[in-house]
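Read through the structures below before going on.
The following pair of complexes shares a single chain, chain A, combined with chain B in the former and chain C in the latter.
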Partner chain A sequence: MRRTTSRIVPTAVALAASLAFAAPALAADNGKFRIGVVTFLSGGAAGPFGVPSLNGAKVLVDALNEGKLPAPYNLKGINGVEIETVIVDENGGATKQVEEFRNLAERHKVDAVIGYISSGDCLAIAPVAEELKMPTVFFDCGTSRLFEENKAPTYVFRTGLDAAIDNIGAARYLVDSGRKLDSVASIQQNYAWGHDSWADFSAAIQQLKPGVKVATEQLPKLFQGQYGAEISAISVSRPDVIHSSFWGGDMEALVLQGAARGLFDKRAAVLTCGESALDRFKGQAPNGLILGARGPFGAFAPQNPLSDWFRTAYRGKNEIEPTYPAFKMAQAILGLKAAVEKTGAKPGTIPAKEAVAKSFKGLNFESVSGTVQMARAGGHQALQGIAYGEYSFDAKSGKATLANVRHYSGECVTPPDGTTAAAWIKAGFPGAQCK
Partner chain B sequence: MLRLDKTETWLLAATVILLTAGFLLPSWLTFILTLAFAKALVVQGVVIQMRAGLVSFGQGLFFCIGGYAVGMGGAFLDVHDVFALIGLGVAVAVGVAAIIGLLMTRYRDIFFAMLSLALSMILFGVIVKNPTLGSTDGFNVHAPTLLGWAPQGQEQKLAIFVLTVLIAGGLALALNRYMKSGLGGVNEAIKENEIRVEFLGLSPRWILYANYLFAAGISAVGGALTALATGHVDPEMAFWTTSGEFVFIALLGGTTHVAAPFVAAVLFALVRTYALELAPHSWQMILGFVLLAIIIFLPKGLWSLVAGKRRAAA
Partner chain C sequence: MTTLYAILIDGMIYASWLFLVAAGLTVIYGVMRILNMAHGSFYSIGAYSGASLVGWYFAGGDGAPYWSYLLLLGAALAAGLFIGLLVEQGLLQFMYKRDEILMVIITYALLLILEDATKLIFGVDPYFTYQPYSLLGRSSFGELTFANYDLALIAVSVLIGAACWLVLNRTNRGKVLRAVIQDREIAVAMGVNVKLMFAATFVVGTTLGALAGALTAPAISVSPGIGVEVIVLAFAVVVVGGLGSIEGAIVGALLVGLTRSVAVHLAPQIELFVIYGVMSLVLAVRPQGLFGRNLARKI
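What follows is the complex of A and B.
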C-alpha cells in the first residue's frame, strides 16, 4: 500500500489562514462601545422573535448614536461613546453558541453581550459569561432554571421575565375575569418550553381554583404546523379553557386552524406568547382570544415618552408596530446604557466590566415598558408585572387592539428570592402582593 | 523497538506542534480547535465504518452518550475526574453498541444508515421527554478535575485542549496502525465484495461488529471532550442534523488517510465561524457554497489535494 502523506502541511495552512483572518479583528480597538447582539436570524424563531428584536436593536442603537432619545437617555451612544454592534445568528445549538460567545469576547473584544432567545442557549452561556467576566444581558429566554442553577451570578443579567410569570399571570387573569373554569385543556410544543409552561400553569390554576380538571394534554412536536388531530381531541374533551404556550408560526397555525373549526367559539383560550402576532392575525383570530406578551411589552407597554418615541421610530423604519421581542431588546439595551452611565465614569470613556456589572446589580432604570427594577436573583433579574388582554379586531379600521386588559404587579406574580418558581406556586404564592 | 512509519512521525510532530501552539494561540482559537478535534474523533468513527461500506447517519447516538455521561456523572454520581468521566462514557457507549450492534450488523447500505439514524433519534426523544435531564434545554456540566487538580477558567480550557490533542494524537496513531494492518485492509474488501471475504474464511459480520464497537467508543470520547469543553450538554447532540454533520465532514476530508477528518473538521469550523461573521444573515449559504465547491472539484475529499500531489511527484 502506498504510504501517502503528511498532516502537517494542511494543518499549518489552516492555522496560518486563521491567524491571518484573526489579525484585523484583534487590531480593531477603535474606541467605540462594542456590543455583541445575538438573536435568531434563521430558523423558526427568526420571523416572530429574532428579526423584530434585531430591528428594535437597530432603531435604538442608531437613535442613541445620534443622541435622539428622550430623557434620561439623551446622552449620545452609551456614556457618550458611539455604539458598534457585532451581530450573531443564534441558530445552530448551544455548543456553537458557546463557541461564538467566546469569539465575541476574545476575538471581537466586545464590551458587553446582549441576546439569547433560547433557554438552552442561556443556560449554556451563563457559566461562560461568568468565566470570561463579560457583562451579558439576556433579553428574552424564560427558563426558571437560569438563576436556580447559577446561584451567585456576577456578570449575567436578565431584563426579560421568567416564563413562570407568564403562566401565573395567565392563571390569575382567567380566575379574575370570572369565567367558567371547571376544566382546562393544554396544547404545548413538545420540548422544554412547552413542558415547563404547562407545569407552571397547571400548578398555578390548581392553587387559585382548586378542583379544576385537566380535560386533555396535547404535546405535538415543535414546528409541526398541522394540528387537525389535536384540535379534534380538544374539541371532543369539551374544556372551558384552553392554555397554550405555542409561539411563532405554530401559534398562528393553531389559531387559524382552530378558528376555522370553531375551537374557540364556546370557550376561552389563552396564548401566553400571542401578542407577537397581534397585527398578523388581521381578523382571522376570534375576538376574545386571550393574548399575553411575556411582560408589559409590545401592545401592553404603558404610554410614556420612551415607549411613544420607540413606537414612532420603529414604525418609521419597519412600517409595522413593534411587537414584544422588539420591546424586550430595547429594554436590554437601555438597561445596559443605564448601568454603564451609573458607574460614574467620565462621559466619553468606557468603564471597566467589573464596574458595569456592579452598577447593573439592583439597578432601577426607565424603559420602554415603564420602570424596571433589577430586584430578583440578588439584583440580576428584572422584576416587572405582566398583563393579559383579549384580542379585539375592528373590521372597519382593520386594526387589532386589546380589550379587558388586566395588569398584575411584579410582586404579585414573581417568586421571592430563595425559592424556586415551582415551590412557590406549590406553597400557594406566599408573600404575593396583589392589588 | 517500535518503528515509526512516515505518517506516524508526522502525526507525532503535529501533536507536539499543536501542544506548543496551544500556549501561543489566542484562547478563542484553541477553543475552536478543541471542539473541532473532538468532533473529528466522532468523524473517525464514521470513517472506519465508511471504509467498510457502511454509512452511519446516527453516530450522534454515541456522541450524545459520551456527552451525557460526563454531565450525568458529575450531576448524579459525583464523579468529577476527567479520565473517569471519559471512561464512563466509553463504557456505556460500547455497552450499548454491543447490544444494538448485533442488530445493526445484519443490515447494509441505506438500511444501515436509516436504522442508525432511527436509533439516535430514539435517544433524542427519550432525553427530550425527561425533565430531570433538562429536556431540550440540557444542563450544565460540573467543573471537572484532572487527577485531583481542579483548574479554573483559562487554565481549565487549556488543560482540556492539551488533553484533547493528546487523546486525538494517540487515537490517530492507533487508527493508522489499524488502517494499514491486514484487518484494516479487509474492510475495503468487505466494501467491494462481502461474499468473497466470507469464502476466504473471514466473517465480515464480526469484523463490522468490531468496527461498530470501536466507532462507538471513539465517538463517546469525542462527545465527552465536547461536553467538557463547552460545559453544557443538550439533546441536540443526538439529533440527526448533528450526525449528518459528521458524515459531511467525513466526505469533506476523504476516507483515505487518518489525518483527513482532523483537517476537515478544523476547516469546517473555521469556515463556519468566519461565514457567520461575514454574513450573519446568510452564513449558511457561504457554508453551502464552500462545501459544494469541494464536492464538485475534489470529489475524493480534501485529502486528494495532498495524495494527488504525492502521486504526481512519484
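What follows is the complex of A and C.
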C-alpha cells in the first residue's frame, strides 16, 4: 500500500503541474492583439542575439501599449488594440520550432508571429506559416534560400536583410577603403552560416578586386571557444585582410585571443556581426577592427525621432545600449503595426490575417533604422542598405564608437528579384546603383 | 619551419587545455567507475564563478591586477568543493551500488539540471573577463606571437598531472586509493573507509573540472552551453587514453591536441573530423584505450 502511494503521489503532482502550465495555452480570446515572439532564450545565441532582441520587443510593446511612441506610431497598441505577447524559446532545433509554431497558431491563437534567428528555423517555418495562413515576420535570419525556395509567399515577410548583403557590403567597404588587399584569410564557424558567408564574400571580393588570393580558410567548430591554432595558421599565411562571420561568444573569444597575440596588428579584419559586441570589447579589440551590424542597425542606425526614442527607452530599461538584434526586433514589430494599420480596419479592431498579409506586401514604413521598403521577393523582403565602420575605443571615457563609417544603399548591395545572390555576384552585380 | 613549430606550440597549448578539462573526469572514473556526464557542468560553474569574481574585482578598479589569478583559483576551489560535496552527499552516495549505465543516466540528468541552474544563477548574458588573459603579455617566436597566459597553462597542466601522479603513486593515501580501484570489496574488508574515499575523490574531480573552467574563462566569452561543448572533447581524450588512467589522459590529450593542430595548419577542412578520427582509430586497435586495462568481469 505504501509503495503504491509513493508512486501515485509524484505522478499526481506531475499531472497537476502539467495542467497548471497548460492553462494559459487554453485561454479564451481576450480581444488583445496576440503576437508570438520567438527568439533564443537559451543556448549560445541567447546572450548576443536572443536576449537583446527580447528586451527590444519588451521595450517596444510596453511603450506601444502606453501610446508613448513618436509619430507615426502614436496610436496605442496595434490599431488601438492592446498587444499581448506569447514568448517562445527558439532553442531546440527546427522540428521543435515547427511544433511550437503550430501551438502558437492553433492553441494560443496568435494574430501574428515575429521571430527566428536561425536560418534553419526560418526555412522550416516558412511553408508552415503559408499552410496555416499566419502572418509571420522573420526579423533576423539571413539565409538567401528563404525566398529562393518559397517563390510565391503570401504570409511570410522578412524585415531583416539577406546575409549575402553583409558580405557584399563588407567586400565593397574593404575595396573602397583603399587598403592593401592582395590576400584574404577566412575564419568561419563550420556550419551553413559560415560556409555561405565565405562563399558570398570570396565571390564578391573577386568581382570587385580580381586576383585577390585566399591565404587560408579556417573552419572551426561552432562554439569551439579556443582558436589558438587557427590564429597561428592565419598569422603564418600572412594575409592582408581577415574576414569572419563569427558571432556571439565565438567572435568575442576570437577577438580577445587574436588581439592578445597581435593578429590584428599588421592587417585589417572585418567582422560582419561585430557590432553586437561593440560595448563589450572595451580595450580588448584593436582600434581599426571593421565591424558590421547586418544592416543599418544598432550603432549604425541613423538618427531620427524613432531611433533616438528607442535608444533612450532601451537604455532606460536595460542600462546598456541596444545592439543590432534589438533594433531588428523593433523593426519587425513596427512593420507589423504599420501593415495592420494600413489595412484601414476600424481602430480598436483586429483585421483578418489575409488583409494584414495583403497590406504588408510592398509596404513602406518608418523604422528605428530609417525608411524600410518591402521591395524584394515580390514585396515580402525588406530592401535596406548596409554600413560598416571601424572600432574606436577611447580609454579615457571608456566608450566605444565607430569611425570611418560608410553606408551602401539597398540598391547597391541587394540582388534584384528574379536572380539569386550567387548569380548576381558572379555576373558582376548588374544594375547595382552605388553612390 | 614556422609551420612546424606553430603546430608543436599550438598542439601543446591545446593538449594542456584538454588535459585540464579531462583530468577530473579521469580521476572520478578511475576511482569510482562513474562516467560523469555532469563534468561539463562543473567546468561551466567554475568558468562562471571565476569570471564573476574577477569581473567584480576589476569593476571595483582599486585592486592589484595580479591578485585576479588568486581569485580565479579561489573561485574554482570554492565552486568545486561546494558543488562536489552537494552532489556527492546529496545524490551520488545513495546510488553507488547501481549499474554503471544507470550512473551515466543519473549524471546526464544532473548535467541538464545544472545547466538550467547555471542559467538561473548567472543569467544568459555572456561574461567577458579578459584582464587576466592579457595581463601576462605575449612572447614572440620568430614571426609568431603567443599569449603568455596560454603558455602558462602548459605549466599548470604539467603541475596538475604531476600532482595527480605523485599522490596516486607516492603517498599512503594514494596507495589506499589504488587498493580501492583494484578491488573495492577487499579494500572495505581491510578497513578502508571507501565512502570517505569516494567523497574525497568526487570533490577532487569536480574541483579539477571547476579549475579548468576558471582558468579558461579569461580567454573566452563565458556563455550558456560551454559545459556541453567541452564534455564531448573530454570524453574523446579519456577514451583515447583509456578510461580512468591519468597517464592515458596525458597521452590522449597530447595525441588529440597535436593531431588537431596538424589538421588546422595543413588541412583545415578536416579539423572537425580529425579528433573523432583519432578516437575511432585508437578504439579500433585498442578498444580499452591506449592505457586502459582489460578487466575480468565478476559474475
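Some observations on this one:
We take it that the second predicted complex is superposed on the first by the 408 of 435 C-alpha atoms of A that agree within 3 Å, B and C clash if a C-alpha of one lies under 4 Å from a C-alpha of the other, contacts with A are read in each partner's own complex, and residues count from 1 in each chain.
We adopt the following convention: contacts are C-beta pairs under 8 Å (C-beta built on N, C-alpha and C of every residue); 3 or more make two chains touch, one makes a residue touch a chain.
Predicted model only: the values in this text are computed from it and were never measured.
For chain A, the partner with contacts to more residues, out of chain B and chain C, is B. In the superposed pair of complexes, A:Arg107 makes contact with chain B only, with no contact to chain C. By the touch criterion defined above, A:Gly262 reaches chain C but does not reach chain B.
Using the contact criterion defined above for the overlaid structures, shared-chain residue A:Ala253 touches chain C, although it does not reach chain B.
By the touch criterion stated above, A:Asp279 is placed in contact with neither chain B nor chain C.
Contact with chain C, but none with chain B, is seen for A:Glu230 once the two complexes are overlaid on the shared chain. Contacts of A:Glu82 after superposition: neither chain B nor chain C is touched. Within the superposed three-chain model, A:Ser42 lies in touch with chain B and with chain C [touch as defined at top].
By the touch criterion stated above, A:Glu148 is placed in contact with neither chain B nor chain C.
In the superposition on chain A, A:Thr95 makes contact with chain B only, while chain C stays out of contact range. Common to the chain B and chain C contact sets on chain A are residues 41-42, 190.
By the touch criterion given at the top, residues 5-7, 10-11, 13-14, 17-18, 21, 25-29, 31-32, 35, 128-129, 131, 134-140, 153, 180, 185, 226, 230-232, 234, 236-237, 242, 256-257, 259, 262-263, 266-267, 269-270, 272-274, 276-277, 280-281, 283-284, 302, 305-307, 310-311, 314 of chain B touch chain A in their complex.
Those residues of chain C lying in contact with chain A across their complex are 2-3, 6-7, 9-11, 13-14, 17, 119, 124-126, 128, 130, 133-134, 138, 143-147, 149-150, 216, 219-226, 229, 260-261, 264-265, 268-269, 271-272. Contact residues of chain A toward chain C in the complex are 41-44, 46-48, 50-51, 190, 216-221, 223-226, 228-230, 232-233, 235-236, 248-250, 252-253, 256-257, 259-262, 280, 282, 284. Partner chain B is touched in their complex by these residues of chain A: 1-11, 14-15, 17-19, 21-22, 26, 41-42, 86-89, 93-96, 98-100, 102-103, 105-107, 119-120, 123-124, 127-128, 131, 143, 145, 149, 190-193, 195-196, 199.
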